[in-house]
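As written, the chain order gives the labels A, B, C and D, with residue 1 at the start of each chain.
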């Protein structure tokens, strides 16, 4: 009787196990059934099927696999205790929370890639996923912007400075900002969609010399619905940024653009050559922005977006945030249009 | 329960004919009946969409599934599919309950009534062998059970019917457009309706409490009971899965499981005729029908009310009588 | 290979129970077979092939409490506040009203968090090779295979678990392990494999853990012909299962048929409960919620399933899998397409519980046969499909 | 801050509720809550191990609210509203009566002693009656003691 040690997977979890088919063959039970040829190489978080690498947690803790890095860092389910240090009201239903980890060493060593997300939670209510939208170079705090909608977000809105929260971050893959070096960057965002891109905008502006033209098209329903007004002023003032701020309908006293984001985008006529377009906003806006970008002859590989789904574990296990075989929490939330087109439509 | 007439084949043919005609005439888009399962011991719900497929429909005492459960999902939103449906006596009572609350659209519904002489308690029957039961046949007053080795046991039909079939008062459908076969004689001298319930009632409180804990300890909260329930119609918006209001937590333990079942029970009070679909859907065999029958026993005593009997009756908890014989103090 | 005489079985269980929790199939008050912790004298049932639920609960708990927390008032005047039930706002320390005495802490709310970990040594005894293979397949996702995260709760229990499997002598009509690379005497994940023969069981150790179990004194050396007898049992069982589908090409087939109208057709009788996933040895999706009672609570991880409408429901009200057919499609696609693509392993060990205990007996084999072949749509053009017809006519799924 | 007081049955217990029963009262705003208030104003002696939930009308009460109270640790639940015919909303308590009656009849099935649940009607002017009802009810519950380790 052939004895195969089949406990490999359990005893050394991160090690690849044989494909089950090969084992059946080795067992010699009746007819051996063949394994299907592996159609796709196994993908690991961050490395895409086309072999391109994106920013992952690997980049943050160099020289280790994700699993090993996480294990070294501890239990991925355990939130790091943190304290709310500042609350910035953005709009009538959006607040930005600036939090610091209670453990100074953790705060010191914390870094993330622009576009990565984190789970912000209150003990007793639950956790939700939000983009980390402070600048990656900020060491003082992590910022999350929260729109009041459900159970957790409402509880977050009721917090005061000094209250305790739990943070699990960073998670997922960020934008491939290094690959974009030398290119023109076009941000197209609407409403709270700005939260997902703010860190990336800060990153590109802080590394302004690495990129060609930077254009930011940002729209909201009304001036009151614009988030990060403190940033907007800066963008508008800067000579090296083309900031186009628009609202849906004319209101007295508004001296900037009026019109829906896709229309404004078409008016701006950005050239697709050597340009990366990054969009985020309400689904309906994204839909029309994609159409406009297509009209402007942007190709799929020039377009990036960041998705949101209901998430629980945030570490690619609990199963709910999948689109086909990809999990938004570990394979995303950042996807290029090329990648999205390969996936089943379960947006 | 009267002895079986054994005219299953006749009724089966009649169901097929009625379904065929309805499909051919375009009166229904599809017909929901019973069809053969993965082996000859199982009969499952079957959806037939063309007249040439009606021969897949079967009728025999294994056809336990209450098909009205499939109506609750879409019927309230016209204009949509026209649905044909076969109902037994107890199934028709759930249909009547839904009709009373105008939760199904009669205009889009074609109902074939099936007089029923009792459904086999498949759960009990399948336990007569340790290995797999592959075939169950009913002939006259005998149930023949065959296991995977080809061994056959003969069981007395009377003893292996579902509990509520033994004391069934309404073997004929209360509501139908066409009846498949002849109505069976409704029993005059009733077998004791509430035997198991009365036995349970006689137990001391602590014992009842223990039995409840024991029964609900094994619940896995798969929600099969509520999804199989024809009159539990919130479907995707069940309060048991909501965070607000938080009646039931996500934790799975006897207490939360029982609370969950209470939500089901109280929400279907006055509509549930104890058809037993929840009980049969339960993958871990919690005797849910006992709870629901107890509830019906109390409703009968309180208000002399039986759910799903009369189309014109108002749902009992959506109305009141100033002279209700309780709570006067 | 060793031999365990039938009369040594209880002694073996008792021996195992000395150093670990022994979990074995036992009947409950309603005669339903479940894996339950074994105590001396309890009757273990090996005759019935499968328990109602797979034993996955013993490693992947249905309710796993991993954090406990409480908010408590600390410091001066805390008790008084409690007493009057005063809602002391947290950002408004009592100190402002009444300065605390020297050395006394001002009243404030303190959050205490405590982690819970619990992984006792256990032996799961008498599970079938498909159940063991369920663990083996789930190990990939919880074990950090392919560079993903490692799940400490699952793995701690998994590493403290020994699997003593029992060869299936007589597969059921719903068994299809051989179609998914399994076998009635499969060894994936198994530490010790018992095979019932005349007078007892042959025992093969497949791992060091299994080897250690053979140290029990009740084992005899295999007698003449016993090894052959065991092999005969295995071969016969293997031959008894007629693979209902060809696994090769299934992932590609599901990919090709993602939009196939047959999904609408096959899901008609699905009632969208979670039975199939909760009896399954492989389904591992879960939910995380905070459960509070007054000022203390727990963060718990509980089983969840893709048939739960709230599973993917987003706060905005948008639900990527709002329709039942999409949830139905997800389960099969996950098992036979998504999971293999990510983890290089199937997520089905062929036990057939999902078929047998489904309230409407949805047949996985039928689904895979219909939709797991390349280009089902070409074979049966959508226009001709009945489901497409009904779907188009009525625009609805039941 | 323990402060010894007398329970309804005359035994002593500390203020923090140790060794005492937890009883929840769900009272309608218009009659019974006013009645209880009146009893307080009149300085009628009432047991204080009693937690009141005020609802607009007994018609608002779902039997599940009561079960939830038990599940979360209540040892007894007392529901009280306007007398039949006197409902502020004309008929809310008639609907409530049917639901509460069914619950009362179902509770023994779940292993509850009948003394743990009662529904009754007390008007705003019946402070005396309120005192009597609540005292008797709590006496009954205290006799049974806390519900511990129960299924629900």
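Throughout what follows, a residue touches a chain if its C-beta (ideal position, glycine included) is under 8 Å from a C-beta of that chain, and two chains touch if they have at least 3 such contacts.
Being a predicted model, the structure only gives us computed values, none of them experimental.
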Closest chain to the centre of mass proxy, which here is the mean CA position: C
Pair sharing more residue contacts (C-beta pairs) when B-D is set against B-C: B-C
Whole-Å gap between the CA centroids of chain B and chain D: 37
CA centroid of chain A to CA centroid of chain D, Å: 52
Interchain centroid distance [CA atoms averaged], chain B/chain C, Å: 30
Chain C and chain D, separation of their C-alpha mean positions in angstrom: 44
Touching two or more other chains - residues of chain C: 287, 289
Touching two or more other chains - residues of chain B: 243
Interface residues, chain B side, partner chain D - complex: 200-201, 205-213, 216, 247, 254-256, 258-259, 262-263, 265-266, 269, 291, 294-295, 298-299, 301-303, 316-317, 320-322, 324, 326-329
Chain B residues touching chain C - in the complex, by the definition given at the top: 29-30, 37-39, 42, 44-47, 49-50, 65, 69-70, 73-74, 80-81, 127, 130-132, 134, 148-149, 214-215, 218, 220-224, 226-228, 235-237, 241-243, 249-253, 280-281, 283-287
Contact set on chain A toward chain C in their complex: 1, 3-7, 9-11, 13-17, 19-21, 23-24, 27, 29-30, 33-36, 38-40, 42-45, 65-68, 70-71, 75-78, 81, 121-128, 149-150, 153, 160-164, 166, 283, 308-310, 312-313, 315-325, 330, 344, 346-347
List of chain C residues in touch with chain A within their complex: 1, 66-67, 69, 71, 89-91, 111, 113, 115, 133, 135-137, 139-153, 155, 158-159, 178, 180-183, 185-191, 204-209, 227, 234-235, 238-239, 243, 247-252, 258, 284-290, 292, 297, 299, 301, 304, 306, 311-316, 318, 320-321, 326, 330, 333-334, 337-339, 341-346
Chain B partner contacts - residues on chain D that touch it in the complex: 62-64, 67-68, 71, 84-85, 91, 94-95, 97-103, 105-106, 108-113, 119-121, 150-152
